[in-house]
Amino acid sequence: MSAIDSIPFFIPEILLLIGAFAVLFADFFVTNKKLIGITGLVILVATACLARLPAEPQALFSGFFQLDAFTHFFRYAALGIVGVTILTSLSYARMPKAYQSEYYSLFLFMAFGLILMSAATNLLMIFLAVEFVSIVSYLLVGFLKDDPGSKEASAKYLLFGSLASAIMLFGMSLLFGATGSLDLDVIRAQLAGSGFADLGLISLMLILVGLGFKISMAPFHMWAPDVYQGAPTPVTAFLTVGPKALGFAVLIRVLAGSFDHLYSHWSSLIFVLSILTMTIGNVVAIAQNNIKRLLAYSSIAQAGYILMGIVAFSDTGLRAVLIYLIAYAFTNLGAFVVVIAVSNRFQSDELESYSGLGRRAPLLAASLTIFLLSLAGMPPFAGFIGKFYVFTSALEAGFVSIAVVAALNSAVAAYYYFRVIRQMYLVPASDEDPISPSFSLALALCLMLIGTIALGIFPGPLLGFISQIVPL
Amino acid sequence: MTELTFIAQLGIYAMMFVVLAAAVAAVTLRNLFHCALALAGVLIGVAGMYLAMHAEFLAMVQILIYVGAVMTLIIFAIMLTQRLGAGDVAQNNKQSLFGAVAAAGFVVTLGGILWKTPWPVKEEAVTSSFSASDLGESLMTTYVLPFEIIAIVLFAVLIGAIVVARKDAPKGAEQ
Amino acid sequence: MIIPLEHILMFSTLLFAIGVYGTLVRRNLIGILISIELILNAVNVNLVAFSRTTALSPDTGQIFTFFVIALAAAAAAVGLAIVLALYRTSRTIFTD
């Protein structure tokens, strides 16, 4: 479909872009910067309201933006994740005062980039969207003024990220050479020819370097703890869910769109990487005393669990991945809201500042307990639903060993989650002043709690939506 | 004609060799400024490769943007962050040997696969002519979405880079 | 094409490997950025070579190359902005 005909379908994204520019230029006219943030939220909500799913999958802009149910699902996910991040940033104590409108504007651009990632079925668009999201992330990580940790984290993120993207690009160029086209469908058709299996596999491995970096899959996870620790906490919250979820979206598109006939070759590779990821994440998390690093390693391990659904690669497996991503998004964002509330009060992310939270801020402590239990996979929370489906898909596909390893890993993870809960309830606090979070943090907390509990008790509607998306 | 072709081939192989030598220099030299100059050599050599592959407009773009803008940026950054007298600090860490072995192993593996793959070379691709105006037409019709998006990317990156690199405003200017 | 495709691919693979070696062993941030530029140039050489020989339509590879050049320039700009900011706050740009 040509560009002019595609515009009616693209209106939500155009609104998002105009909103991003408006937020940026509002800095000249508006003195209360929080209003700018709230405007950003309004734009995100308006975009979500305008988003429509057409009856047939449409290949907009000559095939560069695929509008189907998969994209529609991730549109809402991206807008929601960025929305919650902006909501929590509104009351982040260390926000640089002079650059707030640039911050909100960059997040709106980021939302646009995330939607592009989900809609990309062409190697050029995948690269463009992934780089867009990555480069804006490097900038957002380095946003704190005069904080060497933030700049170092940004530098580390940039170096790892650029290297991973460059390696992925080399793999893409080989794929382009073997098949003559950048479209995933044409690539699949051409790769099925004889003689290309070796090349297909090695280019897949190179592409996995880049995508594995985005989803913090081992052995490309090493940037995550330092970057998550150094970044401003709302940005950390965003990074643990946003690029990860969309990275999985791109991974599913690439694997299902071009490499499904090579499944027997790459399934064992992803199998090993999944086990490696969850084990490394969980084992190293045990020793952490900083809540941001602990949640960072925890999120690495969660990527390992999600990869089980990819190893299974059945309809159940891919549905499990999608539902796990939503459950994980609600849970992790909620946990970080509590982290921001505590760090606003104590300027510290060490576990000691959480002692006695049960007495000082009972609602915050209870919420964090719920989120940690959800991450551990306990019913009746959202994390249980995600884990249940991922385990089921692995067992159905016959991968019993990976399910066993994942179960053992979940037990190990429960140990460090309970360590935090114990710190909150059983360790006495140094002082007894109450902590009261601000309105926007409280609102974000409520939304995430509702999502985590509702998804755990009533997963039906979401499951219904997801079963329309897969089979792709 | 065959002599000319042979001389052209010899020239291109010589250029490839020079580019690879400059690349090795760019990753091993101790003085960072010399590395940057070696990188400029690599970039110009790659522009020459584009000329050898009949991508003339791309060669011009490579020189304008890479050698013109990106090299200037890199040299600026080197000037601003180095004390130029400190040229004898070790530039490579302890993993040099492991890195070299790993890279060599990778080249052998990938090279073997690339040599054996039956690349579907198409006659019409080899003999087609593709001018700058065809390029412009493609960019404006088929590739218009990536084109607009790269404009947005560059804008967002510009804003963000200014915020990250900027010196803080003096105290009185805070709102 | 005067040079066979396989020779150009060997060249770009070597350039790629030199770039990856550089990113693994360099201690200086700008040195690592220089090595990443080598990798991106190797990719571009690949793309142009393929667009001249195996591509289904002759513009695809060259246009992809344009986008790679543009994004590489953007990433270099961001990298150098971060290097400047880092130098200002910690007075060093060594990665260890």
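As written, the chain order gives the labels A, B and C, with residue 1 at the start of each chain.
In the analysis below, a residue touches a chain if its C-beta (ideal position, glycine included) is under 8 Å from a C-beta of that chain, and two chains touch if they have at least 3 such contacts.
This one's a predicted model, so the numbers in the text were calculated from it and none came from an experiment.
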* Asked: Connecting every touching chain pair, does the picture come out as line, ring, star, complete or other?
  -> complete
* Which chain lies the greatest distance away from subunit A when centres are computed from Cα atoms alone? -> B
* So, what's the distance in Å between the C-alpha centres of subunit C and subunit B? -> 5
* With chain centres defined as C-alpha means, what is the inter-centre distance between subunit A and subunit C in Å? -> 27
* Starting from the mean Cα coordinates of subunit A and subunit B, work out the distance between those two points in Å. => 31
* **Contacts with two or more other chains, residues of subunit A listed in rising order** => 124, 128, 131, 135, 139, 142, 146, 151, 154, 174, 177-178, 180
* Any chance you could list the residues of subunit C touching two or more other chains? => 9, 19-20, 33, 49, 53-56, 63, 67, 71, 74, 78, 82-83, 85
* Residues of subunit B whose C-beta touches two or more other chains -> 110, 114, 119-120, 122, 142-143, 146, 150, 153, 157, 160-161, 164
* subunit C residues within the subunit B interface of the complex -> 1-3, 5-11, 13-15, 17-22, 24-28, 30-31, 33-35, 37-38, 41, 44-45, 48-49, 51-56, 58-59, 62-63, 65-67, 69-74, 76-78, 80-85, 87-88, 93, 96
* **Footprint of subunit A on subunit C - complex, ascending** => 9, 16, 19-20, 23, 29, 32-33, 36, 39-40, 42-43, 46-47, 49-50, 53-57, 60-61, 63-64, 67-68, 71, 74-75, 78-79, 82-83, 85-86, 89-90, 95
* Which part of subunit B faces subunit A closely enough to touch in the complex? -> 109-110, 113-114, 116-120, 122, 141-146, 149-150, 152-153, 156-157, 159-161, 163-164, 168-169, 173-175
* Asked: Which residues of subunit B touch subunit C in the complex?
  -> 5, 8-9, 12-13, 16, 19-20, 23-24, 26-27, 32, 35-36, 39, 42-43, 46, 49-50, 52-55, 57-58, 61-62, 65-66, 69-70, 73-74, 76-78, 80-81, 90-93, 95-96, 99-100, 102-104, 106-107, 110-111, 114-115, 119-122, 125-126, 128, 130, 134-135, 138-139, 142-143, 146, 150, 153-154, 157-158, 160-162, 164-165, 167
* Asked: In the complex of these two chains, what residues of subunit A are touching subunit C?
  -> 123-124, 127-128, 131, 135, 138-139, 142, 146-148, 151-152, 154-156, 158-159, 162-163, 165-167, 169-170, 173-174, 176-178, 180-182, 186
